[in-house]
Every structure is written in structure tokens, then in C-alpha cells.
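Quick heads-up: structures coming right below.
Two complexes come next, and they have one chain in common, chain A, joined by chain B in the first and chain C in the second.
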Partner chain A sequence: MSKIQQTAVNMAGVGFRKWAQALTKSKGTGISALLSGCRAASGGSKGSLPGSYPTTPEEKAAAAKKYNIRVEDYEPYPDKGEGFGDYPKLPDRSQHERDPWYKWDHPDLRRNWGEPMHWDFDMYIRNRVDTSPSPVDWISMCKQLFGFIGFMLFMFYIGEKFPSYQPVAPKQYPYNNLYLEKGGDPEKQPEEVKNYGI
Partner chain B sequence: MADYREAPLATRPRTLDPNDYFNLSPEKRRADEERAALRANLKRQYQTQLNNPHRKELIEDPALTRWVYARSNPYPHFRPTFKTSLLGFACGVFPLFALYYIFKTDRVR
Partner chain C sequence: MHPTSLMMTTSLMTIFLLLAYPVLTTLSPAPRAADWALTQVKAAVKLAFFVSLLPLFLFMNEGVEAIITSWNWMNTLTFDVNLSLKFDHYSIIFVPIALYVTWSILEFAAWYMHADPFMNRFFKYLLVFLIAMVVLVTANNMFQLFIGWEGVGIMSFLLIGWWYGRADANTAALQAVVYNRVGDIGLILAMAWMATNLNSWEMQQMFVTAKNFDLTLPLLGLIVAATGKSAQFGLHPWLPSAMEGPTPVSALLHSSTMVVAGIFLLIRMSPLIENNPAALTLCLCLGALTTLFTATCALTQNDIKKIVAFSTSSQLGLMMVTIGLNQPQLAFLHICTHAFFKAMLFLCSGSIIHSLNDEQDIRKMGGMHHLTPVTSSCLTIGSLALTGTPFLAGFFSKDPIIEALNTSHLNAWALTLTLLATSFTAVYSLRVVFFVSMGHPRFNTFSPINENNPMVVNPIKRLAVGSIIAGLLITSNVIPLKTPVMSMPPLLKLAALTVTILGLMVALELASLTNKQLKTTPTLAPHHFSNMLGFFPPIIHRFTPKLNLVLGQTIANQLIDQTWLEKAGPKALVSSNIPLITTTSNAQQGMIKTYLALFLLTLTFAALLVSY
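Presenting the complex of A and B:
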């Protein structure tokens, strides 16, 4: 192709692109230039989803605002590459501990609308893990449990060492130890077998 | 009850928590009030949407959306460190070979 024809083709290509961009008023190239340049107003805004670990104080403040937490309360998970991003580290408390008499928006979950959810929220629901204080303290619980288990193990061990059975003897048969059934002579008088004692 | 020791990972009863008695300060009070203000704001938003007579659709909870999104998209923030790769090996690679070995030897027997 001659140089003039090439430039003409280039200009045509450029012209089409510019036309498409003007049509959609978007600054993208390629497919995104042909799609609509406006986003829908429904749904969450772009900045409302979790992002990456915040490094500067401004990012921390923005993340705290996003999650509806006080800036002083907002503490992201330490950045160890475990996949948390900027999700806040809330106290590991189960939903069992929350006030049962307060008017929650969702009473079964004991949670208000918009409240930041713990990363392990589905573990801390009221059907599952319970972190509420135990009625008896830890030491006495340990003592009771391990005491019982230890006692049972000890007794079973003793039972293995000193087994006790019901007393048994060889089975006693009637009719002079079954003399006839065992093929004894019917004419002969068998010796009297006494299997009892009075 | 003075020597009550709570179970690890469980909480102490409120009445035995020393913070409730000793560390009270105006800053703590202010913090509680700020938290209450945030909570009241969210409550107001929710109640407005709930009692709106023209509302036909479900009330979308952005906190829930964020939680679901965070839980289902950990990979952009994943970085192979010593701990994570160790975990990955323990859960993904080791059982593979261990189970293969166990099944093979069990079947031969």
C-alpha cells in the first residue's frame, strides 16, 4: 500500500475510535469504549467493597469510615498474606454474649443492620461456637473432667489386671450322666451318679 | 469467686471484669458515645428503609455484602509466606500423598 493510502486507513481507524468514544463519553479503549459510559445508580458504590491492607493513616481512616467503625477502633488484620486485606479485626466474641433483651434489627442473629460482621460470623452464631463466660471456673471444670476420665481409666485398668468371673463347673447331666443316650447297655444297671449334695 | 479463671477463648463475666470498675475515664465515655452515635445512624437508615411504604424490594445490607465479598475473594491479598505455604502443603499436598500411600498398602494387604 502506498504511504498516502496507509495514512488514509490510519485516519479512518482513528476516526472510528474517536466516534465511538464521543458516543459513549468514556475514556476507555477497546470494548469498554463501546459499552455505556455510565454506571447504574443501584447497588453499592465502587468504594464500598473490601480493599487491600491500608498502609497510610488516610487509608486507615477511609477504611474505618467504610466499615462504620471509629478510627480508633479500626484495626485491620496483620498483613501476613493470609487474604484478609483491610477487613477489620473485631473482638472474637460469639453472638451468645450479646444482650438478649435489646431490640436488634435481626433478633435471631443479635445483630443490627449495617453493623460490621466478624470474619468468622458464621462460626459465632447462636447455634455454634459460644464464647460466653462459663458458670464454673476453668480450673474446677478441668478437675472434674479429667478426674472423672482418670478415675474411669484407672478402674478399667484394675479390672483388666484382676478380672472376676462367675464361678463355673462342668455341666451336669441327668439320668446317670446320660448313660443310655451315650450308648450304654440298656440291660446293665449303670452306676449311680449323684450330681448333688444335700 | 475471687480466683475465678475463665476458660481460654471465653470471656470473663461482666461483674468480675476489673475494667468495668477501675479503668473508667471520660475518654472511654466519649468513645462509647461515638460508637452509640454510629449505631444510631445505622438504625435510622434501616428504620427509614424498613418503614418506607413505597419500598417493594429487599433492604440491601452493605456490611453483609462486604463480608461475603471479603470471605470469597481472599486471593488478591494472598502472599506466599512461610506460614501460608506450610498450611497449603499440610492441607493440600501432604494428604494427597499420604492417602495414596495408605490406600495402596491397605489394598495390597
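Presenting the complex of A and C:
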């Protein structure tokens, strides 16, 4: 082979080797990894995926580090076969309770970048469930509302029993209280029915 | 064709075209002129109003009503859906009123929203809403009514969430959509029942064929629909939350037009309701509960728009009470008069809010009578009309309702609640006027507060004229279909006025106490009940979504996987096979007595089989 052809084969070999190296070491996904060998700075690495329930203190510490929580704050969900793994159990507080005036990274979500997300984060956004403390406690509120509704329903029932604007006397129809229309005997003389006079 | 009906048909078609034209021009890629909103949209609505006066005068003069079926849309052998417009006395009177109120609101909105970069889109949304409302009101079949119904619901969502960067506005828009959707379940139930049992969605056929049916189920559906759309108790929280939208939206949608759609539905269906005492009682009780509950909530609110919103809800409850009294025409009259003074109240509130640099808390207002005399006078006129002051607009509708309620052999508790709510109306109306117009200003001085802009003052003045004379005009030109009770004891006749004056006196007494520091007022439990809206939003909006979402999450994450893997799939194979395997392998251990036992068992079974 001529020198130029030899060089071309060498370069091809070098390129092939580089390509093989990139394929094995790269951390991107799909075609981009295949072609360029470069990897994205974002996206989860293998170490950031949730793992199994941590049993030893070292596993607990590693999990806390992974989720960006202090070791003393980290508390996994109890291992009852529900599939939570080592995901941290964060307090059930909604985003309504967070400071509205602080300069969050995501102002509408009231969350900073890298903060651990609650398992039910989508439930605790500002358009959904609010867990902020109410001025009146829950039991008292429920008692008052349902007591009010129950009282109203009871009084409506009483109101049906005793309607307003009661008539003072039975209704009196013309033609001898509609004697013939009600099927009275045409031969007999009907008795006078006078409930009220006008 | 008779010239009168020809003119009526033509003018009504013209109205539709006039309203639709500006919306259709937005489909072209060319940008709109800077004053498109004012010159095109407002002018279209104003012109449509004047055109709509023609059918109104024809109706008042000759009593002409028209039903126009213009297009066979979906026709099968047994079921017809046509484009069918009904111009009976309800729609002929409502359309001019809606257009008049909308014209005033659009003129006001051109000032209120002038700093908004998307004002043209805002006006387009308002116009689409108006078209949907007119479609709803003129519908002669349930399908068309449903189209208008959904249309107003969607436009309400878009307009409440106009400032969509605000999470509270998004939540409010979501609330409006979800609560309306719950009501839509009832409407669709009713429509399905009618389609399957009455074989038509045309009103005339429905009314004729429904005579032999037990209509409780579809009427319940219709009442649920009205509860959702007209914010009756149970599905009411969206209406005060809807105040997150701009004031023109509150004035148009959530006081005059959209929220009365539910009541209007019941008015349209009144031939079906009038023979069903259960439905009538339900309407009466629900309306009475709504009117008292929302009037109670309005007593302690501090946001001026919220107070007006609750007063709207209370009046809607009163309209529902009227339906329960089997007086659809009175309910309609109240819809018409209410549109005027409620829209005016909202426009006055908007003017005051803007003048005070977007301050909505009445505790930080005061003395506006010196600064904006026309606006505060109109606020007072609107409040007086709302409370039913004799011979203003509200009197002609509210007083007959109370009289009819007093002289009906119906639920006494509903009567009590309605009278109590009437007095509460006077209380919170006075509270608004006292805190806003009277006294001394409780805010810092701003750049000169004035009423020099005619775009602000003219709509308010126009609506004030309407609030004063509309009641008189409508009652003197429309013959009532049901004879009102004319003779009653003087106490019953004056009941509405008496309770209103009592409420006013109590409110004045309480207002005078604000100037004297006698002792610190304790925080009472009823105050919390009223201020937190009966605790209904905190309880329902925390409990129900949490239940549904947690249930959904558990089902999606755990239940489905557990079922497919452990109960119906691979692990189930294991757990069902292992007992079989153990039993079989235990039986085959090589023990003679097991084999003997099995042999004897088989012999016994065979003998039994042979013998039987």
C-alpha cells in the first residue's frame, strides 16, 4: 500500500478507536452519544436514580447525599413493600406555606434548584391542596359547617311540615260546593256548606 | 311572509352577524389597529343593541314571537338536531339588556384595560363570550343551549385567568371550570334522559311529550346544572374566587349574564318544572339557603369586589327561590333588573379601585364622595336598587317576589331565610357605602383622583339610568302570565320594606359605633364563620382534591402494579401453584397407607357413581 493509503487506514483506525471509546464511556443517550461522544450536563446520572430501602447507616448517608438532604433530616418511607425505596419522606407541607416574598429560583413553584421534591409534589402546588394552618382549627370548622348544614336541613323539614300562609277555612266552591260535579244525587236537596262569608 | 316576522328574523340575524364580524376579522394575519377594541368591538355591540330594539318594540307593540329553524344540522330517521332560534318574550327582552350592559362595560373596559398590552385579545374574548351568551339565550333546543353553556364556561375560564402569571387567578379559573363541570354532569344527564325518553331536544316537542312522564330525574339534573352555573349553595365557591379576573369581566360575566344562565335554563324549562312539587321544593329550599348563606358571608368581607360578588350570589339564590315559587316570569324580571344595578356596582367598584391605585380593601378607602361624586352617587343608587328601594328597578322585581313568597302555602323556613337575607342585603350595602363613600379618606394622597374621563363616567351614568327606570319600563310593557296575588294583609305587603329598613337601622347603628372606641371588640365565632365563607372553601378545597389525588396516586403507583404482579400475574401463578404442588408431592412420598387410602377413596367414589 502507498504511504497515503497507509495513512488513511491509520486515521480510520484511530477514528474507529475513538468512536469505540466514546461509545463505552459516554453518558448521553441515543444518537448523540453514538455520533459525538459528548454528554449533556443535565439529566440524571446512574447514581442519581432512586435505589432500594437503605438498611445500613452508610447507605442512609449515601442516600441523603444523593437527594441533597442533611443526614439527620433524611427519613425514608417505611419498608412495607409499597415501592418507595430510599426516597425521602419530606413533611407534608404544601407550597402555599412557603415564603411568598423570598426570591425563589422558580417563583411560581416556590422552590429552589436542587431542592428535594416531595413524593406528592404535584398535589402540593399552589393550584391544589393547601396545608397552611387555618385561623380556626379543622375540627371546629367541620363541626360548624356541617352543624349549620344539618340545622338547615332539619329546619327545612320542619318548614315543610308547617308551611306559611295557612288557609283560615276550607275552600268553598260555588254551585253548592260543586255538589253535582262531585257526583251528588240530582233529586236530593244538598245541604248548605258555608265555610266563610264574603 | 308577514312583514313583522320578516323584520324580526332579519334584525335578529343582523345582530348575530354584527357580533360575529369583529371576531372573524381577527382570523386574518394582518395586525389589528391600535383602537380596534374601541372602534370595532364596542361599535359592533352598540349597533347590535340598537338593532335589537327593533324586535323588542315589535314584541311590545304586537306581541310577536318567532321561532326560526334555519339549518338541518344532524337529522336521523328518529332524531333531529337543527339550528333553531327561539325569540320568545324572554330572549327578546334579555338580548337588548345584555347588549346595553355589554356596551357600557366595553366602553369602561377600554379605560380600565388601556395599559394592558393585550387589550384587543381581551375585547375579543368578551365578544366571543357575548356571542355564546346570545346563542344560549336564543336556543330552541338543548344542543344549542349546551353549546352556548359550554361557550360561556370556557370564556369565563379564559377571562378569570386573564392575568395568568398570578397563581391565585389560575386557581380561581380552575375552580370555575371544575365547579361548572360538576353542574354540566346534571345538564348532560337531563339531555340524555330527554333524548332517550322524549325523543327530541326541541323545546316544543319536549314540553308536549313530557306530560305523561315522571320528570324527577331530568329536573334534578337541570337543578344541579343551575346550581353549578348560578353558584347555588354547594357549588358556589367559584363565584367569589372569580373576582380574581379584571373588573369588566366580573361586571359582565359574574353579575349580569353568565351566572344567570343557570336560572335562565330553569326558566326555559319551567313548563316541565311546574308540575313537579319535589323539584319546586328543592329549588325553593336551595335558593333560600343560598341567599341567606351568601348574604351572611358578605357581611364581614373587606374586599369590595367580594362583597358585590356575594351579593350577586345572594340575588341568584333569590331568583332560585322565585323558580321554586313557580314564578318564572318574576325570576326573569329580576334577572333583567339585576343586570343593570349589579353591573353598575361593579363598574363603580372598578373606577374606585383604579383611582386608588388598585386598592380593593374597603378599610383603606373612604371619603370618595368628595373625590368622585358621580361614581359614589351611582354606587349609592345601585345599592338602593339592590335593597329594593321603592320605585327603583330592584323594587319592581324584588318586592313581588317577597310578596309571592309571603302569600304562598310553602315552606316557612324558606320564607324566614329569605326575609333575613333581604335585611342582610341592606346591612352589607350600607357597609360598602359607609366605608367607601362616607367619612374621611383612609389612604395616602395620590395623583389627582378625578372623574374627568367620559369613558368612565358615561357607562356608569347609562347604567344608572337603567337601574332607575328599567323595572318600571319592563313591568309596564309586559303582561304577566300568572296573576299576582293582589290582596294581602298590610304586614305581608310591607314585609320586604320593613326588614330592609330594620337591617338599615342596625347597620347604621353598627357603623356609628366605629367612631367610638367603647371597648375592644372580641373576635367572635360567627365572625370567623362569616369571614371564612362558612368554612366551606377551606374544608372542601383541602379534603376533596387531596382524597382524589392521593387515591389516584396510590392506584397508579401501587394498586395497579400490585394487582398485575401479585394478584393476577407472575406472583399469582406462584402463590396459586405452590399449594397444589405441595399437596401433590406430599401424596407421592412412597407411603403404602397413602396409596391404600387413595385406592379405597377411588373405589368408594366409583361405587357411588354407579349406584346413582
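A few remarks follow.
Following the convention adopted for this analysis, the second predicted complex is superposed on the first by the 113 of 198 C-alpha atoms of A that agree within 3 Å, B and C clash if a C-alpha of one lies under 4 Å from a C-alpha of the other, contacts with A are read in each partner's own complex, and residues count from 1 in each chain.
In the analysis below, a residue touches a chain if its C-beta (ideal position, glycine included) is under 8 Å from a C-beta of that chain, and two chains touch if they have at least 3 such contacts.
What you see is a predicted model; the values in this text were computed from it and never measured.
Contacts of A:Pro186 after superposition on the shared chain: neither chain B nor chain C is touched. In the superposition on chain A, A:Ser134 contacts both chain B and chain C. Of the two partner chains, chain B and chain C are each touched by A:Glu82. In the superposition on chain A, A:Glu160 makes contact with chain C only, while chain B stays out of contact range. Residue contacts after overlaying the shared chain place A:Pro174 against neither chain B nor chain C. In the superposition on chain A, A:Glu115 contacts chain B only, with no contact to chain C. Chain A residues in contact with chain B (one complex) as well as with chain C (other complex) are 82-83, 131, 134, 138, 141. Those residues of chain B that touch chain A in the shared complex are 1, 3-13, 31, 34-35, 38-39, 42-43, 45-46, 59-67, 69-71, 73-81, 83-84.
Residues of chain A that touch chain C in their complex: 82-83, 108, 120, 122-123, 126-131, 134-136, 138, 141-142, 144-145, 148, 152, 155-156, 158-160, 162-167.
Residues 43-44, 48-50, 52-53, 66-70, 72-73, 80-85, 87, 92-93, 97, 105, 112-117, 119, 121, 131-134, 137-139, 141 of chain A touch chain B in their complex. Residues 165, 167-168, 170-171, 174, 281, 285, 289, 406-416, 525, 528-529, 532, 534-536, 538-539, 541-542, 545-546, 549-550, 553, 557-558, 561 of chain C are the ones touching chain A in the complex.
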